[in-house]
Every structure is written in C-alpha cells, then in structure tokens.
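Common to both upcoming complexes is chain A, partnered first by chain B, then by chain C.
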Partner chain A sequence: MIALTLLMTFSAVSANAQNKDRRKSFKSWDNYEITTEKVGVDGTKFVKVWGFGKTVDAATMAAKENAVHACIFRGLPGSATAMSTPPICPNPNTLETHEDYFQTFFAAGGPYLAYVSMTTDGVPSGTDRRKVKGGYKVGIYVQVMYDNLKRKLEADGVARKLSSGF
Partner chain B sequence: MKKSLLIAALLLACQFIGWSQAKKPTIMVVPADAFCERYGYVQKVNAMGETVSSPDYSRAMKENSDIRTLVAAMADFMAKNDFPIQSLEQELKRLQTEDAEMAMMTGRSGGEVEETPLERLRRNARADIILDLDYEIHRVGPQKQVSFNLQAIDAYSSKIISGNTGVSSAANVPMTSLLEECVLSFKDNFLSGLQHYFDDLFANGREISVTFLRYDNCPFYFDDDIVIDGEDYEFGEWVEEWFQDNTVEGRFTTGASSGNRLRFTQVRIPLYAQNRKGRDVAIDADDFVKPLVRELKKKLNVTVGSSPRGLGDVWITVGDK
Partner chain C sequence: MINKSVFTALSLVFLCTALSAQEKIKEVVTSNYNRNSVSMVCVQRGDSYDSQVSSAVRSFSLGDKYDINNITTKSVRLDKVRSESAYQTEIDGIVNRVGFAREILASIFNRDSNGMMDDKTVRYRGNYDAKDQDVINARASRVGTEALGDLGHGLVSGSYIVLTDFSKISRDVDTRGNVTWSTNAQAFVYQIGMDRDALNDFYEQCWIYDEDDQATRSAKRLAFQNLDIPMVPVAQANATGASSSVEAAANMCIRELITKLENRIPAWEVAVAVIGKRPLRAKIGTKEGLKNGDRYRAYSYTEDRGGNLKSVARGYLRATEISSNTGMAIGETEPSKFYQISGLANIDEGWTIKQTNDWKVGVLAGLKAGGLGGTALGVDIDYLMNVSNVGTMSYLFLTLGLDVTSGNGNYLPVQFGLGFAYGFHLTRFLEIAPYAAIGLEHMGLSVTDSSDDRFTRESALILEPGVRVAANVAYPLQVFGKIYYDVLTIQGPLYKMYNANLAVPHSSGAGVEFGVKWTF
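Let's look at the complex of A and B:
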C-alpha cells in the first residue's frame, strides 16, 4: 500500500514537472512556427507565421512579432520554391548584447511594426484560428520588409554591413 | 587622470585603425563554362594540334538577354549593399578599346609603349571573387521553370565561398520574371555566405598564394643548401621560416616544392601593416612579400622580383625580374 502511494505521488510530481516544462517551452520566444510561402517581391519575405495570445488580436500581434523575430534571429525555413533565408544577426549572443535595444524595438507598438504588414485584412478564421487552453493560436500571412529591417539594424550598429571594414 | 588619458589614447588608436580600410575585393559575374557550352558561346582554338573550346563571354553577353537580366538583378542588390560589382561586358569593351588605343599610341619623339607578351596576357578581365553563374530552363507542361546554380569563387585559392542552387516556381510567365525570382530567392543566402567569408578574412587575415620561380641565371636551385647569415639552409626551408614569422599565427601550407619552383598556398596575411613612414596601411599579396624580396636581395645578393597577379596571388622570381 505504501509502495503504491509512493508510486502515485512520484508519478504526479513527474507529470507536474513535465507540464511545467511544456508550459515553459510554450512560452519561450523561440517556440513558434513559421514557413516561407513563396519568394516575396524585391526586399521582402512572404511568410505564414503563428502566434499565441489571450485574445485573437493579442495572438495576431504576437505572430507579427514572431515574424520579425525570425528574420532577425532564427532565419526563415525554405520551401519547395523558395530557398531558406539566413538570420540578419547570425551571432547567437546578439540578443543578450543588445538587450535594451531589442526591449524597445519589440515593445508594444514598437518600431518592429514598421517592418511587417499583414497581407490579408480581417481576423484569421477557420483552421488559422484555434482556441487553445489559455487563449488563441492564430496563423497569419505576412510580408516582412526584410531588406529595410536589415538596413535599420545595420544603421543602428546591431548587424554588420557587408562592406564594413573595406 | 591616468584613466582618462588611457581612454583618450585608446580612442585615438581606434581612429587610426578606422582610417585604414582593408583593400576591397572586386567581384564579377561570369557565365559558367557549362552554360557557354550548352548555348554554344564557345571559341574553338587549335592548341598544338588539339581543338580546345574556351568560353566566348563577349558573345554570351551580347546575344543572351537572359544573362543580362540576371547580371543586372545581381548588380542591383550588390550595389544596395555598398558592394558594386564589375561588369564583365564593360570590362571586355574597355580591353578592346585599350588594345586599339595602345596600338595607335606613339610618343612625341616617335617612341612606342612597351608591353611584353606576359603583360599583354595579364591585361584581361579579372576579379578577386568570381560569381560563376549557370541556369537552365525546363518545360513543365505548358509552364517554364528555371534551375540555377551560383558559386562565388575566390579567384586565388579556387575555394568556393558561397554556393547556391535551387529552382524557381513553375509558371507561364515571361522568362524575366522567373529569372528575377531566382535572384531574389538566392540573394540573402548568397550575401550571408559572402559575409561569412569577409568575417573570416577580418578574423584570420587574407588568404593568398605565393609562388617562387627560378630563372636559369639564378646561381642556386631551391633545394640546394645555401649560406644565409653564416648558417647552412635549404632555400625553401629559409623561406618557410620567414612565413612562420610573418603570417597570421604562422598559417600557411607548402604546396609544390622542387628545385625550380616553390608554391605556398593558404598563406594568411594581415590586412594591415605599417609602411616605411610607420603609418598603418591596407596591404595585399604584393605588399606582403615586399619585405621578403628586399631581404632576399640583401642576404643572397641575387636579383629578385615580384609580380602581382591580383590581391591574393603573387609570383616571386629569383635570378631575374
């Protein structure tokens, strides 16, 4: 009986820890899905990105943030007709080194919004809008002004210019 | 007080380093040999009884509008990155004009401009980084699709800096649109590869090749023992020691080594050095070997010459210039 109680307690603790881990990874900024839809017009990237939030609007904003975040730190995966895109800042320490800069950049209504625009109007619907525990998960199609974003980060000294040093 | 002086000195040092910029490599888009063969842009030359075909870039650029579209699109994004590329077409035209002008040139007293066959041979279109471009058009039912292959090659080490291959979407649109889509597709990956190469250049120095050639009036062979500073050395061994002392972290590879020829590859040289006036200046392969040439002349009492073949390749001739 004691052994059974111990086993049950151990299982409960272990499951709780797993849930905590899952929640932690779910909340992590790197935990989002993004796919390149096709080659965008000059200087832009056309992607489908997912975001999570308590409301649909909050999830949409999070998705926009994720799209810009991916262009800067993660890069965009390739697809059948579009090559992958490398991150603007490939150095893994960039976020830590320029933490204050990115806090302001990604603040609510921050400068990042100038580099992303939704390609469709209205609220995401159908399979692109999912009710999940704690809010909504939405997928939106966005156009990221990749070249403009790169120029901005280069001008602000966050990314290195191709011609710097020459 | 001491601290502020130290900071001021550091800032001054930074400014000095900032003034001297590394020598910028030239970049040129060149149609790949395979592309020229496929579309018939080749010249047949009879070399010692054997027919050899070589790419006819001039014809390819004149007759193929697609390649011009690709070059224009690439030139555009490179210019936006403050790295304008050299135009192969214009460079070929310039050389033609230069040839005509040099043939007509005479001095006031009737003198002619001298040019050795080697100088004539070297006066051709060249770049430090070659963008070797190839593409093929495929038919997918009524639609067209373009597959492309772009390689950025270091002209001196023949190393591929950045390689990109891929296909465009299949569509029934003008070829120009598909070609532009290709360029937009590989653009960022290509730039990233180039950036990686430049980062390596700044961190570990420029990679160059140095070749020693022996003229027949040189009194010794490169594998002979000679006396330098009162000690017996094999010539090649002494040169290797010089490279060990003067390259970045002593990094170089001894390639071919024989009595008449020595070749050093993957020689990492600093991007800057001090000139005779003690000022920091950007250097290339020729500048790097100048002190070596001077030392050889002084220690061996032979004629030594250096002949640059671009930013990253130099020939040193011993026995004559």
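Let's look at the complex of A and C:
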C-alpha cells in the first residue's frame, strides 16, 4: 500500500514536472533557425529547419516541431527564390489562450506530425548534423502542408478565418 | 630575467595555440562536392619531343570523374630549353596571353562562329551532377525536376585548365641494349575566376538572342572578345616517370600529377555523407571515378561555445564494392560500400567522408631472426590489390632481406622475392595475413667470374610460407610481426660453396620478424 502510494505520488510529481517543462519550453520556443528553400508545390511550404535534441532522432523530431511552430506562430522568412509567409496565428496571445490545445497538438506523436514531412535524403548528414554540448543540432529539409494546417486550426477555432473579419 | 623569459615563452605558446585554433576553424571539411570540368594543355618547348608529349597529354583520359571542356588551345609554347624546368611565373605569363577563360566559356556554351550560344551542355551537366537530395528538393518545390539543369550554371566556376610541362627528358640504354626514357613533369592548374555576378554579366553582355538586331549582335560579339576573366592559379605538382617510350613515360607522369593534384585542390576531392552502416555506404560510385581500395577520410562536426563549426577527423576507410551510378539521379542512387580501416570511433551515419588519395603502397621495415639463418634486415613493399566488404585485403609484395651477421665482405647473403598475402581483419586495428613468397637467396661477390649464369650459380631458390600480423598504432603507422618458414630448395653450385664457408651455414628453418609499416 505504501509502495503504491509512493508510486502514485512519484507519477503525479513527474507528470506535473513534465507539463511545467513543456509550458516553460513553449514560452522560450523561439530559439531555432528556419529558412525557406524554394516555393513549395501547391499548398505546401518547403523549408530547411534546425532542431536540437539529446540524440539525432530527438533533434530531428524537434526540427519537425519547429517547422510547424514557425508556420503557426512565427511565419516563414523570404529567400532569394521565395516570398516570406505570414504566420497562421499572428496574434501573440494565441499560444496562451489555447495553451491546452497546443499541449495536445505538439505532444510526442501528436497531430502536428500529419502536417510535416521530412524530405531530407536519408538521415541528417554532413554539416547539417552537429554534435553540440548536451546533444545534437540537426538541419533537415521539410515540407509543411501549410494550407491543410491552416484549415485545421481554423476549423478548431484557433486561427481566425480570413472571412471572419468581414 | 627568468620571469621575462617564461612570460615570453608562454605568450608564444598562447599565440601559436590561438593561431592554430583559428586555422582549424577555417579548415572545415564539407560534403559540398560538385563535378569539375578540366581541359588538359601541353606546354611545348619547340623541340623534337613536342609531338610525343603532346600526344601523351591529348590521349590521357581523366576518367568519369571530370567533365571535359573541349577548348581550342591544346598546347602552348614556352621558349626555354627542355633541360630546364618551367617556372610558375613563366606559365602565368602564357596563360594570361592566351585568354583561356573565353575558350572555356565558348566550349561550355557551344559558341559558334556567329557568336550564338546555347545552354545544352550546362543543363546536361546540371542534371548529371544532381544528387538525390537535389532531386527530392526539386520534387518538393514548385519548379520541379525540370529546374535541375539550372544547377549546371553553378558548375561553370568549377572549370580548370591543367598545363603540363615536361623537362629533362633523357634516354638511357643498358648493357643489353634496352632503351629507357625518363622525364620530369610539372602540372600548373588554373581555375576560371568567375563568380555568380561575373556569370550574370556575361549572360547580359554576351548572350545573343534570336531577336537581337545586327548592331546588338556585333556589340555582344565584341563584348565576348573583350571579356577579361582571369585564370587563377590554384595548385602545382611535380612528377617523374620512366618507360620504354617518351609517350609512355609522359603518360605515367600525368597519372601521378593528377593523383597529387587531387590531394591539393579541395574542390577536386570527392566528399559525401555516409548513409548507412554495416556495411558503411555512401552515394558515390563510378561517376566520381571511385575504384576498389580508394581511401577516404571520415569527419564529424561539432560546434564550439562560440557556435563555430568544426570538422573532426575520425578515421580512414576504403572503398570495397563500387556502384555504377553513371546516370541521372532519380532519388534512389545505389550506394557504394566501404570498410573502416582506422579510427577509435565507429564511423556513423551522417558523417562526411572525403577522398584522400594514397598509393596503396605499404613499406615494411624490420629485423629478422632465424629463417635461413643469422639476423637480417628486412624490407617489404606491398601493394593493396583488393578490399572486400568484410575487410579482407589482397596484397602483392616484394621482399628483400640482408643478412648482416652471417655474411662477410665476400659472401653477403641477400634474399629477395615476390609474394602474395591475404589479410583478415579481426578488428579494424588488427590484420592477420597469411602469405606465401618465392624468391632467391644470392650469395657471393666473385668479380672475376663474368659468365652469364654466374648469378644463377650463386643463388638458391627459397619458398617462404608465413603469417603477418599488423596492428594500427597511429594510421598510417602500424607495427607488425611475422612468423615464417624458409624452405631452401634448389641451390647453385657456387651458392653451396659460399654457404658452406659461412660461420653458420644457411638452411631451411623457421624465423620471425618484427618492425613497422607505413602506408603511402
């Protein structure tokens, strides 16, 4: 009984700590690099994005999250071959207002994965795979299903439809 | 006084360390390799050898690794006697006079006598150079794979000319009347000094369109003639060669020059990422001129606290199974396979491997004890013939032994022979190679005997089976040990006599050898 109580207490503390970390990381989730590679095929954005993680796989997943995060909150920078793209949710308060929604959306294996595909040939390699203090920093090419992502957020009431202003 | 000296010494150490660190940061090896195009040009001296050396340069094949720019100037003239070598400044002067950059552009853009050009070659080269990642990127972007040909415009700056000069050509005839020609050779490499902006200017000022009127066409033709694009010296190499003809000796030199130049021009060194392990695989092959046994060096990347990128050398590997990739990439290029031969860490997916040519020649020097008898100095020269996926390696080797204890001024036992070894790698650090050699032991310095078969009569036939174990110390340095059994078979009559006069006559027996090996 004591053991069960201890286990439950430990689990609760652990889950709380994880949520805390997640909230903390949401607030500081701006420290990544992203560049627009070329104009993507219709409805998509083709970007190169960097991620950090303890392993190459973790860093790759982080990079995918970053790509979707950028489309939603930051927007995509322009390049020599592509125009810049504004964020789907330009309102800076969106994250706080819909924090629970995004906790679920960006959870490990969460819905965000349906809107991003890695187009790197094989594993991140060469100078796109760097050992840094505490883990790896990788750069990957990804295709973000931008239009689908936008429609999903609009349907879920997180992003405003363009027509809603009229 | 002491404090001042210590301070000065420490400052110097600090300065050297800082400079060295800066140098390391600059020397970041990347996997950005693109095909280069080369034109071979012969430097003539105005003598009877011109036709032969020109023929050697013209017929030399650079293989599949390079595109060839078919420029009009195939040879240039240096007014200097053949017995003297050419200087860089002399070649610079010639290159500046000829206007090679214009010829290269005319070749790449198929410029005709009317000044009309097209981009067929550029587009073909762009498609041919495209890697799987380029194809995947093109598919993910709106421009599509049709735009892969545009990559060819970026390859224009990778155009080089190699001027090869031959000097000190000499003819030697041995006592049997065999003729040997030898020559020195120098290669001077220049790269077209054309960046993206200069290329855009070229398109704007010199490209004639169908709708251009005559005045515009004339102006563009004139602009092309007045193009002032420099050829920038990038590397130089020397070689020597000897063969039965001048042409063959020159050909031998060019081969050596190209190998050396590939180690001196970073853009010529193929670099690519490892895409898989067990076995190590990378997407290069015949298109990059890859051959079995070719040596590559692996690098991983780190960032320092300042965010500076650094490449870290992690070990060497050799190509084992070569894929045929001489077609356009479609995103599914078959990789070649490699075997790691050195390095503490296992080479990992995603690391960069870069071409690091060597001669595949190992020189072994050691001390022998036992065998036929006495203590001998041993020197072996082996050539790596083949490497398999599991790391077995075939060697052909020449062996030489000099018995320094049994012989005297008149009877100096020398052993020499030819052998074959087959190496197994239990780990990448340790190679066990059973081998067999056949050779002669020669004994005696009977100067008064000038008969033709003297050498045979003073020699004995030896067979030597054995096992060689080599361990990496700091590649390419290895230590090795050999255990073998020398079988003394057919003996010449003089050999028998000299052998009997030795303090300890040579006979069949087991021996050991220990020494070091260096791979060149």
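One rule holds in what follows: the second predicted complex is superposed on the first by the 136 of 166 C-alpha atoms of A that agree within 3 Å, B and C clash if a C-alpha of one lies under 4 Å from a C-alpha of the other, contacts with A are read in each partner's own complex, and residues count from 1 in each chain.
The definition used in the following text is that contacts are C-beta pairs under 8 Å (C-beta built on N, C-alpha and C of every residue); 3 or more make two chains touch, one makes a residue touch a chain.
As the structure is a prediction and not an experimental result, all values here were calculated from the model.
Partners chain B and chain C, brought together by superposition on chain A, fit side by side with no clash.
When the two structures are aligned on the shared chain, A:R160 is found in touch with chain B, with no touch to chain C. By the touch criterion defined above, A:Q143 lies against chain C but remains apart from chain B after alignment on the C-alpha atoms of chain A. Using the contact criterion defined above for the overlaid structures, shared-chain residue A:K38 touches chain B and also reaches chain C. In the superposition on chain A, contact is made by A:P86 with chain B only, not with chain C.
By the document's definition of touching, neither partner reaches A:G134: not chain B, not chain C.
Taking chain B and chain C in turn and counting the residues of chain A each one touches, the greater count comes from C.
With chain A used as the common frame, the shortest Cα distance separating chain B from chain C works out to 5 Å. Shared contact residues of chain A with chain B and chain C: 38-42.
Residue ranges of chain A in contact with chain B, taken from their complex: 38-42, 81-86, 90, 146-147, 160-163, 165-166.
Remark: chain B residues 21-24, 80-83, 164, 166-169, 180-181, 184-186, 188-189, 191-192, 194-195, 198-199, 202, 271 touch chain A in the complex. Of all residues in chain A, those touching chain C in their complex are 37-42, 44, 46, 56, 119-133, 137, 141, 143. Considering their complex, residues 28, 30-32, 131-133, 136-137, 139-143, 273-276, 300-303, 305, 309, 331, 349-352 of chain C touch chain A.
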